[in-house]
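Right, one structure below, let's go through it.
Note that the chains are named A, B, C and D in the order they appear, and that numbering of residues resets to 1 at the start of each chain.
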Amino acid sequence: MKYPPVHYHNYLDIEKLLNAQHPKSVEYQKPAHDELLFIIVHQTYELWFKQILFELDSVLKTFQQPQIEEEQMGRASARLERIVSILKLIIGQVDVLETMTPLDFLDFRDMLYPASGFQSFQWRLIETKLGLRVEDRLAYNQSPFYKSLMEDQQKEMNEVLNQQSLFDAVEKWLERTPFLQGENFNFWDTYKQAVNQMFQDDINTVNVNTRLNEEEKAKNVKGLQESLKTFDALFDEKAFNELRAQGHFRLSYKGLHAALLIQLYRDQPILQTPFRIIRALLDIDETMTTWRYRHALMAYRMLGQKIGTGGSSGHKYLADATSKHKIFTDFFNLTTFFIPRSKVPTLPKSISDRMSFHY
Amino acid sequence: MKYPPVHYHNYLDIEKLLNAQHPKSVEYQKPAHDELLFIIVHQTYELWFKQILFELDSVLKTFQQPQIEEEQMGRASARLERIVSILKLIIGQVDVLETMTPLDFLDFRDMLYPASGFQSFQWRLIETKLGLRVEDRLAYNQSPFYKSLMEDQQKEMNEVLNQQSLFDAVEKWLERTPFLQGENFNFWDTYKQAVNQMFQDDINTVNVNTRLNEEEKAKNVKGLQESLKTFDALFDEKAFNELRAQGHFRLSYKGLHAALLIQLYRDQPILQTPFRIIRALLDIDETMTTWRYRHALMAYRMLGQKIGTGGSSGHKYLADATSKHKIFTDFFNLTTFFIPRSKVPTLPKSISDRMSFHY
Amino acid sequence: MKYPPVHYHNYLDIEKLLNAQHPKSVEYQKPAHDELLFIIVHQTYELWFKQILFELDSVLKTFQQPQIEEEQMGRASARLERIVSILKLIIGQVDVLETMTPLDFLDFRDMLYPASGFQSFQWRLIETKLGLRVEDRLAYNQSPFYKSLMEDQQKEMNEVLNQQSLFDAVEKWLERTPFLQGENFNFWDTYKQAVNQMFQDDINTVNVNTRLNEEEKAKNVKGLQESLKTFDALFDEKAFNELRAQGHFRLSYKGLHAALLIQLYRDQPILQTPFRIIRALLDIDETMTTWRYRHALMAYRMLGQKIGTGGSSGHKYLADATSKHKIFTDFFNLTTFFIPRSKVPTLPKSISDRMSFHY
Amino acid sequence: MKYPPVHYHNYLDIEKLLNAQHPKSVEYQKPAHDELLFIIVHQTYELWFKQILFELDSVLKTFQQPQIEEEQMGRASARLERIVSILKLIIGQVDVLETMTPLDFLDFRDMLYPASGFQSFQWRLIETKLGLRVEDRLAYNQSPFYKSLMEDQQKEMNEVLNQQSLFDAVEKWLERTPFLQGENFNFWDTYKQAVNQMFQDDINTVNVNTRLNEEEKAKNVKGLQESLKTFDALFDEKAFNELRAQGHFRLSYKGLHAALLIQLYRDQPILQTPFRIIRALLDIDETMTTWRYRHALMAYRMLGQKIGTGGSSGHKYLADATSKHKIFTDFFNLTTFFIPRSKVPTLPKSISDRMSFHY
């Protein structure tokens, strides 16, 4: 009674919604039954993209603050997880689209030229806001990806490209992590020591292993020493920055350390929600990648080796973009530098106390 | 080049699509973050309902013909299966909606009163076109279901209620099945005989079973005789019509026989696609039922025992409607009258020949 | 090298695993193709049940401690969420089982009598350990549910029935929540006041509403007063305990308050993980309910109105048990007592401080 | 009563089933909670693989017959579709496995060395029976894939490698399609003509298009002529066989024609089920590919750039194998040679008659 009554039909603007399907095959008087499905699948994608952008913008706003209130973390984590949930749903839409056979698609495919999912402004915005940069993208028809957008969209995209992305904001947030160094504690030194100890133990184990002959021992020890070397990237800031300049890492040295700390000590009360946030970012990346892959497979099935409606070399482009367009690759690669929990150094009480509640 | 070039953005009328979300909480200047999700979930539902109706109408048109070309059967079956595929997808949308918590919903729930999914015209159309009649529906607020629709929708609904539904058309199609009776073959008599034989065998098995004492034997024989009696509904047209008048069956006597024939002899080439069609109708019914059930559970979780926004007693109404609104119940019940394949009478060659190809 | 090498085949004991399928139809020399599917679906169910029990036991152990370390909460929440993830997966197994048609099932159904999913010890254990009591269960063939288990299983079940369930342990944990009452703060009094204020505001809004005539005003006011009355259960311990004795609530008065506190103030750092735990318990209940429902629908489809192999009245029993066997019903009903966030009292700084980190 | 009574617990051999989990971490007295999940996920995979193999063997047996009864086609199609349904389910198991974090995996990863999914005999059997040949596989550690199997498994694998695969049997079945050439009809000539006509029409459309200048016209015409050239592979048996020798095609010239005929005329009664069979084979390939891809992504997430437990270069190998191990690639590529239905030649009545029923 506090608000004027409202009818479902008007509230959802269903009139407008159901009047937004304009099959070309009907316009050209060669009605193709499956064109409506094609339109509706893509329209529901775009509606979900709008929702994803809405959640993304709200999380971005949270992370762009100079300091993030702990109260906001639960909400940020829930919204990122909602994005994952939406992405999982829309992967399932490929199943529905595939009830359209290639022959059905041919009935109207020519009429859409050169329209293509490649021109989806919202999908490009999602990628960009998450942190995909122009230079990260697979080249396509020798021109930057935004050239296929409408003119005013290109302008907006260029603005967004110049704004802080979620990747950037998360990096800044990580760098601010207060626990990397305490009075009597330096996470990094402690971790380095633990890693060295672990490899030394492994080498000793090899050397006293009676099942191995001398040659095998030498080979194994060499392998372990090489593995240890891969940790140099982590422990030597200069080496790291060189690798970063070459594109092996994107995250800053300090940001990477903080991400490692969160992963290794995720059970500490104050790190429980940050851990969920990193996991959700990994999930978003993985789910988007899976969506791209299923999309590529579907395109292959629908078009064979024909050129995609957008002029791309079709499924080949899609398949290659699949893994190249991952954004939080550092979080995937970070795993390389994990050590078993039993080897992870125990936090000094002064630090773990600061990570807990005191009520 | 045959057609003027088209851009994805215009083709999908994305401008209109993305301008159809009007959160009340924004209008009333108390922005509630989750209202957009609520709107988008329901809008994607409605887009999918449009697609389901489109497929349904095309199948309906096929089945409303006085005779159906065999060439059209594969397509009809594929379109019904597409509906199943869409229904499975939108069941998954409940997972996304449930990322909104009850507390989030409360932020804008009052503003929507009395809007409710109960007012979805398209969902009601789907049910009605499939064959749900006014009298099949659970009473709701003491007035017929269509009273909650917009006025012009009520008019259209009343027209549709007077048209042949898919249930009706399928029934007519079943009744025309040519194999129920051949020159030297009467499916019904043969089946009746097989059923009687099967029960007689079972009774004999009980009587010679040395593991049973006399009392147990008597009890078992009695049970078998009662089971046999349930088949009377099938074999005695008069008894059947009485049960039908009482609402135990909806399908006609002849239609039911044909459905049984198709199920039992589904491997015959000419029955392969009809079998798939019956299966798809069962799947549609089962999936719609599941969707209603998940919807009821979600409503319970979202509202507790509060009254639903549409004024219904909320989740209780939804839960009760779940199974009552099934349409092809006869196809479910038919299973009661199946006998094991080893007991199913072999078709005479003259009949099975007519069910096959001759190239 | 630290451990002897192991082969995938031995590690997973695949020999044993793949030798545990014994189709009766093969034993009786009437091979029915689909019996293997029937066996494998149920065996994968049982493997997943073992996993669920394993997670459940570990969470139970955590919650059975007199005091729970905050570090353990993240892990408990993750394990409950894993259970949800498994339950969602096995709901999908119904799709696979339904590729078996009723006629295929008839080929071997008689050979299994009276084996039935009703006899699954592990599923019963899951329900019991979560907190389903003998008296909560739908009566079945006039004897307690455990009578259908093997003898040694009955004994174990009776022991488990006498142990603290997760429901009980969670209730105790909730009752220990330290924030219900502080020096200058009583959550309950504050909340009661907020509820009363909200209803008073609503009544005032009605009374000054010029769109309503006197009769309508009176009707609305009466409705609001009745709604307010339902909160009495919450505010009056004696009234609550009467309702609890009648079965309307299961959770203790204090436990319910704590659950409400967690829901309303879930953004407070210390409540973020508890909120996830309550949500996971709701999810488990909802997913188990959905699984039961799909199972009931499938049974209906497979058997029609025949008696289930276990002698139950088949799908009817399953459908009725579906919602009756819910365990954390109080958490569902709690929603009835939520008020919009804008009306929720702000926590005094002294309290919210104690709910936060101080590093 | 016809058969001795049986209990669920014994029927499913649950004793054996639940005693087949042997966590190494328990054996080595360093219990790692998540190892059980790891074992159970893989064991359910293997159970499902057994079911897939069972269905595959039955379909293989059908297709290996010199002539296939039409009555068997419906069943073959249903069993292939069941395989798809199982594959879709087990893709979902990746979600469950990913509730184990990389750090949890590290707790027991070393204990499993060098066990690896690469050693799954049943998965390799599925691939091989479908038609994946030794030479189709991505090289792995410089030795043939079967070297990683147990010794007796290697022997069995080599036998299976020498048997007719489903690919081979389907190819033979396609080649026997009776409608490729009738008295007054040659599918191939007619199709060739239609393709040429279509391209000629397109060229004419370009030439009279006033929106294009001469340069653009020339460019477009050239493009069309090049597209037409890709059809040469189809129309010139010698050219085709050269491409086949180079690995561009695997299916025989005649087999490919038949597959095209089935796709283009799938609505003909006799082709409805064959069309479903081809579609199911595509679905199997696509779903297996998707499963491999998700598996690769998961491995990346779990291991970073570490070497996989099986000694492979981990996720890189998996990602590369993903698309390379596709089997029915020809059916995907066939789409390249589809022409729009409006251009597909109408079948002469004598042919379409033979494709229909005559009852």
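Going forward, contacts are C-beta pairs under 8 Å (C-beta built on N, C-alpha and C of every residue); 3 or more make two chains touch, one makes a residue touch a chain.
Per UniProt, the chains are A, B, C, D = Tryptophan 2,3-dioxygenase.
The structure presented is a predicted model; accordingly, all values stated were derived computationally and were not measured.
Note on connectivity: the fewest chain-to-chain touch steps from subunit A to subunit C number 1. Among the other chains, the CA centroid farthest from that of subunit C is the one of D. Subunit D has its Cα centroid 40 Å from the Cα centroid of subunit C.
Averaging Cα coordinates per chain places subunit B and subunit C 29 Å apart.
Inter-chain spacing, taken between the CA centroids of subunit B and subunit D, is 32 Å.
Chain contacts: subunit C has residues 1-2, 110, 266 touching two or more partner chains. If each chain is drawn as a node and touching chains are joined, the picture has every node linked to every other. Interface of subunit A with subunit D (complex): residues 30, 101-103, 106-107, 109-110, 263-264, 266, 279, 282, 286, 289-290, 293-294, 297, 300-306, 319, 323, 332-342.
Considering their complex, residues 1-3, 5-9, 11-14, 16-22, 24, 28, 33, 36-37, 39-40, 42-44, 46-48, 50-51, 54, 58, 78, 81-82, 85-86, 88-89, 92-93, 95-96, 99, 110-122, 149-150, 153 of subunit A touch subunit B. Touching subunit B in their complex are the following residues of subunit D: 1-2, 70-75, 178-179, 202, 205-206, 209, 212, 220, 266-270, 272-273, 275, 354-359.
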